[in-house]
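We call the chains A, B, C and D, going by the order they appear; numbering starts again at 1 in every chain.
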Amino acid sequence: MGGFMSRNLLKKGYKLRVYDVDKAAVARVTAAGAQPAANLAEVARDSDIVFTMLPMNEHVLECYTAEDGLIKSAKKGTYLVDSSTIDPAVAQRVAEEARKHQLNFVDGPVSGGVVGAENASLTFMIGGAKADYEKTKPVVECMGSRAVHCGDIGMGQVAKICNNMLLAISMIGVSEALNLGQRLGLDPKILTDIINTSTGRCWSSEIYNPVPGVVDGVPSSKNYEGGFGVGLVAKDLGLAQASATRAGAPIALGSLSHQIYRTMMQQGLAGKDFSVVYPFIRGENNK
Amino acid sequence: MGGFMSRNLLKKGYKLRVYDVDKAAVARVTAAGAQPAANLAEVARDSDIVFTMLPMNEHVLECYTAEDGLIKSAKKGTYLVDSSTIDPAVAQRVAEEARKHQLNFVDGPVSGGVVGAENASLTFMIGGAKADYEKTKPVVECMGSRAVHCGDIGMGQVAKICNNMLLAISMIGVSEALNLGQRLGLDPKILTDIINTSTGRCWSSEIYNPVPGVVDGVPSSKNYEGGFGVGLVAKDLGLAQASATRAGAPIALGSLSHQIYRTMMQQGLAGKDFSVVYPFIRGENNK
Amino acid sequence: MGGFMSRNLLKKGYKLRVYDVDKAAVARVTAAGAQPAANLAEVARDSDIVFTMLPMNEHVLECYTAEDGLIKSAKKGTYLVDSSTIDPAVAQRVAEEARKHQLNFVDGPVSGGVVGAENASLTFMIGGAKADYEKTKPVVECMGSRAVHCGDIGMGQVAKICNNMLLAISMIGVSEALNLGQRLGLDPKILTDIINTSTGRCWSSEIYNPVPGVVDGVPSSKNYEGGFGVGLVAKDLGLAQASATRAGAPIALGSLSHQIYRTMMQQGLAGKDFSVVYPFIRGENNK
Amino acid sequence: MGGFMSRNLLKKGYKLRVYDVDKAAVARVTAAGAQPAANLAEVARDSDIVFTMLPMNEHVLECYTAEDGLIKSAKKGTYLVDSSTIDPAVAQRVAEEARKHQLNFVDGPVSGGVVGAENASLTFMIGGAKADYEKTKPVVECMGSRAVHCGDIGMGQVAKICNNMLLAISMIGVSEALNLGQRLGLDPKILTDIINTSTGRCWSSEIYNPVPGVVDGVPSSKNYEGGFGVGLVAKDLGLAQASATRAGAPIALGSLSHQIYRTMMQQGLAGKDFSVVYPFIRGENNK
């Protein structure tokens, strides 16, 4: 995703210094006009605004707070935008460190996936001071179609995690409903039509239907390849779970959904799109 | 609901003979122009098409198959439309009895609630022979804005049950997500906005939001009065559960949702709108 | 099971007339000294006490209440003992029919499995009038080591269903605990030892441990063959579910366990012992 | 608990230096013969073996790894035993720090509760090097009746967490089964007898039955006062959840149980014994 995002910034005329542990990724963006940096410190030293996109909590912590990390290397007043999806508490901890060094950190996870990154149609959910949101917004909008200010530090992450938990639940719910209907003799296309004009309708039934052939071009019609992987959904649900435990918020369905996707991972489905829960509950995943 | 439906038929010029165990209900419709019948047999004998709207499986069975019930009393060729929400297998059993007596039975449960019944904006989900659907459609459409042919006998019930199971799941999912967000510091209005333009969006977040003050005029903004009662949702989930057990279809979230609404009933919430799950998981239901 | 039970009665000197739709089953018991009957009516006419052991609700209903079934064919005062595991409400309905014909019906489901049937070590859970329990007890005790009077008609079924629901939950619980421990580095034998002398101990951890090699001779040590099949556990949970829906009793874990075993059936595990949930959550069931 | 444990050590003739943020707690043990310490460093400096008993992860981390904490203050070769119930990963992190300072750390959470602490009948689950286990065992056994070596560092915590997860599941399972039986007409005492001699039996049905009056002297017979609080069970399930997420181990029932206890906390039951789940699912918790 970072590669596409970088190219969209370059297109708008920004000068970019880029770093990644994967040299090939750096090379691709360099070919498009970015300057490679030897390490994180070099990125930080030369930039007015820094974007990061990393897999997990520990990578973000390391990348920002290490001795040779972004925070200790950046000039005072630099803006730092982390677009990783991580625990809101980690975002808050990094922001506190940044503040001590007179840096301006906001969390800005995205929705829209790889396609959104390519088309600059991502939605950024920004958490941080209003002034920092306003300052970073013009740059952010080169990479996405929308930048929403969700509230204080961490609230971008909270928005992302809560939305994705609901999405994860909905997809299982739609799959259960369509499978139950089918087992009882009802055509999934007809049932989808009814649901979509009724009270059960949701993004997972309308746009991203898990039954092959009901909606064109989505993963369910392409052998559940591409899309939003089961492993990634499970990761986001793990963040929801950890936050919910800290907050004492009951999430019975969110939590059960987490276990269902995890069971699917054990059945070898980690890399498939999460709508593969439909064939899974039908016992067709191994065929 | 039957009262409103009857009045809409009268408005269109149909002659009605009505029966209900509740004399007051009969009196209200009689005042509007219907003729009262002394019993079910009298209703059946005089009608070309008969509509029923009853609470549970056993009432439908009794009303249709009793010695002095509709089936034994109706003229050959009569159309019978049952708009109760019941087990598809019961609808199929009644249809079989009707067929033996050369009667034409379709199941036609509705969505849209009391308001839809009053405004003639119900959706009818019809299960039965295509010809019977076509024949009953003009009359059905006097009471609703839409009559969908779902398939063979029972498929109207299947569509209703599957949609409502998904609705029941979505409402809990939305409540969990909005409560989690709020506990972590995110304003439910902001989170609702994000969800509604993102992948988590659904009818329960957009139209029927469970957080007081987010959407005007819905039960959550009226102390959870009116609307779709917890007891009724639990009833529909019981039908889903029974069908799923027969079909061997796994419904992990549907089943857990059933238990959650049932737990809420034990906590004295049977008569509240089902969006009361939001204050329930916050522990605010007893305050 | 019926075969072993019959042989135990013959050993005690009882004269038996037997019927089964499976001719081979009848032949085996005939070889052991029983007299074959041409149909159910013949069994009923000649007997002072009749035992039935059938798979599901509908078979019991048919067998007892059909025109040529047991109830219409038996002499007044005959004792009827149904050892099938069925819905308590069905047992109550059959008992009511029997009473109308002046027959004495008790429900008497068993625990102990095929091995218990062979060794005459079954436990019978009897529901019905105390006098009928006392009258049938001496005969029942030829086939089992224990006959418990649980209460009025249906209570034998209730006891069986509630115990089996708890068993089904415990087995998943033990499997989750032992797998979690193992994934975190703890030897399942050591963890089993700790659990068995602590507050987590249960029949599923002590006697019927789901991890291969921890307890000798149980299905987990024989490739999960034999024992209590996943399909049968799911059947009993279906009965619990139906009863709980009628009673309005929340069974969150019972209900989720039902869905888990049902998911396992879809994955081709219906015929394996129910402790196969352990390899299932490890993703080892397909290897 | 620490108070009782200290007194048992004093009885065996050990010299104790004690520290607690709660001065009253220190005073009580000082009265029994211990010497108060001004701070943690003072405890560490003077001792050959140090025991800690703390509420949560962060307290353990702080107490051991702070600048003036135990690790930086202890003499080389000191034995450190942490009896808190915490995340195994935190125990492993502390152990690594200890090793760097040539200290010997083992984790040793206990089961048996306040009563076990008073009577020196606790079970200690020890994780760490075999030699360290052997060395600390004689002292540990002054406070408990049993010290089990579970494996390497952290495995004591894993054993504790897995056992308690199973316990938490069993208690809900027993409550669901006994309530379902009761709703269907079966006396909980009779059902308990059947379960306890059958395949559903477990510690929660035999020793700690959740129905008032079935077992004497347990919290269910004392208005659910005392015992193992709902809030503490939820804390342990939070640790199980976090570990399971890290390990990718599905814990569907463990996870749902977590949410149920958390829902009960929201309903004001955090301080009641965890067997209060029985009146909760009956809707009797507010009466």
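By definition in this document, a contact is a pair of C-beta atoms (placed from the backbone, for glycine too) under 8 Å apart; a residue touches a chain by one contact, two chains touch by 3 or more.
Only a predicted model underlies this, so the values are computations on that prediction, with no experimental measurement involved.
Trainee: Could you work out how far subunit B has to rotate to sit on subunit C, using CA atoms and steps of 5 degrees?
Mentor: The C-alpha superposition of subunit B onto subunit C needs 180 degrees.
Trainee: Answer with same or different: of all residue numbers used at the interface between subunit A and subunit D, are over half used by both copies?
Mentor: Homomeric contact, same residues on both sides for the most part.
Trainee: For subunit C versus subunit D, what separation do you get between their C-alpha means, in angstrom?
Mentor: 38
Trainee: Roughly how many whole angstrom separate the Cα centroids of subunit A and subunit C?
Mentor: 49
Trainee: Quick check: what residues of subunit D touch more than one other chain, meaning two or more?
Mentor: Subunit D, residues with two or more chain partners: 248-252, 256, 260, 263, 265-266, 281.
Trainee: Tell me, which parts of subunit B touch subunit A in their complex?
Mentor: 88, 111, 123, 125, 146, 148, 150-152, 154-155, 158-159, 161-167, 169-170, 172-174, 176-181, 183-187, 190-191, 193-195, 197-205, 208, 240, 243-244, 247-254, 256-257, 260, 281
Trainee: Subunit B touches which residues of subunit D in the complex?
Mentor: Listed in rising order, the residues of subunit D that touch subunit B are 252, 256, 263, 265-268, 280-283, 286.
Trainee: Report the residues of subunit B in contact with subunit C in the complex, numbered from low to high.
Mentor: Its residues touching subunit C are 234, 238, 241-242, 245, 248-252, 255-256, 258-260, 262-263, 265-266.
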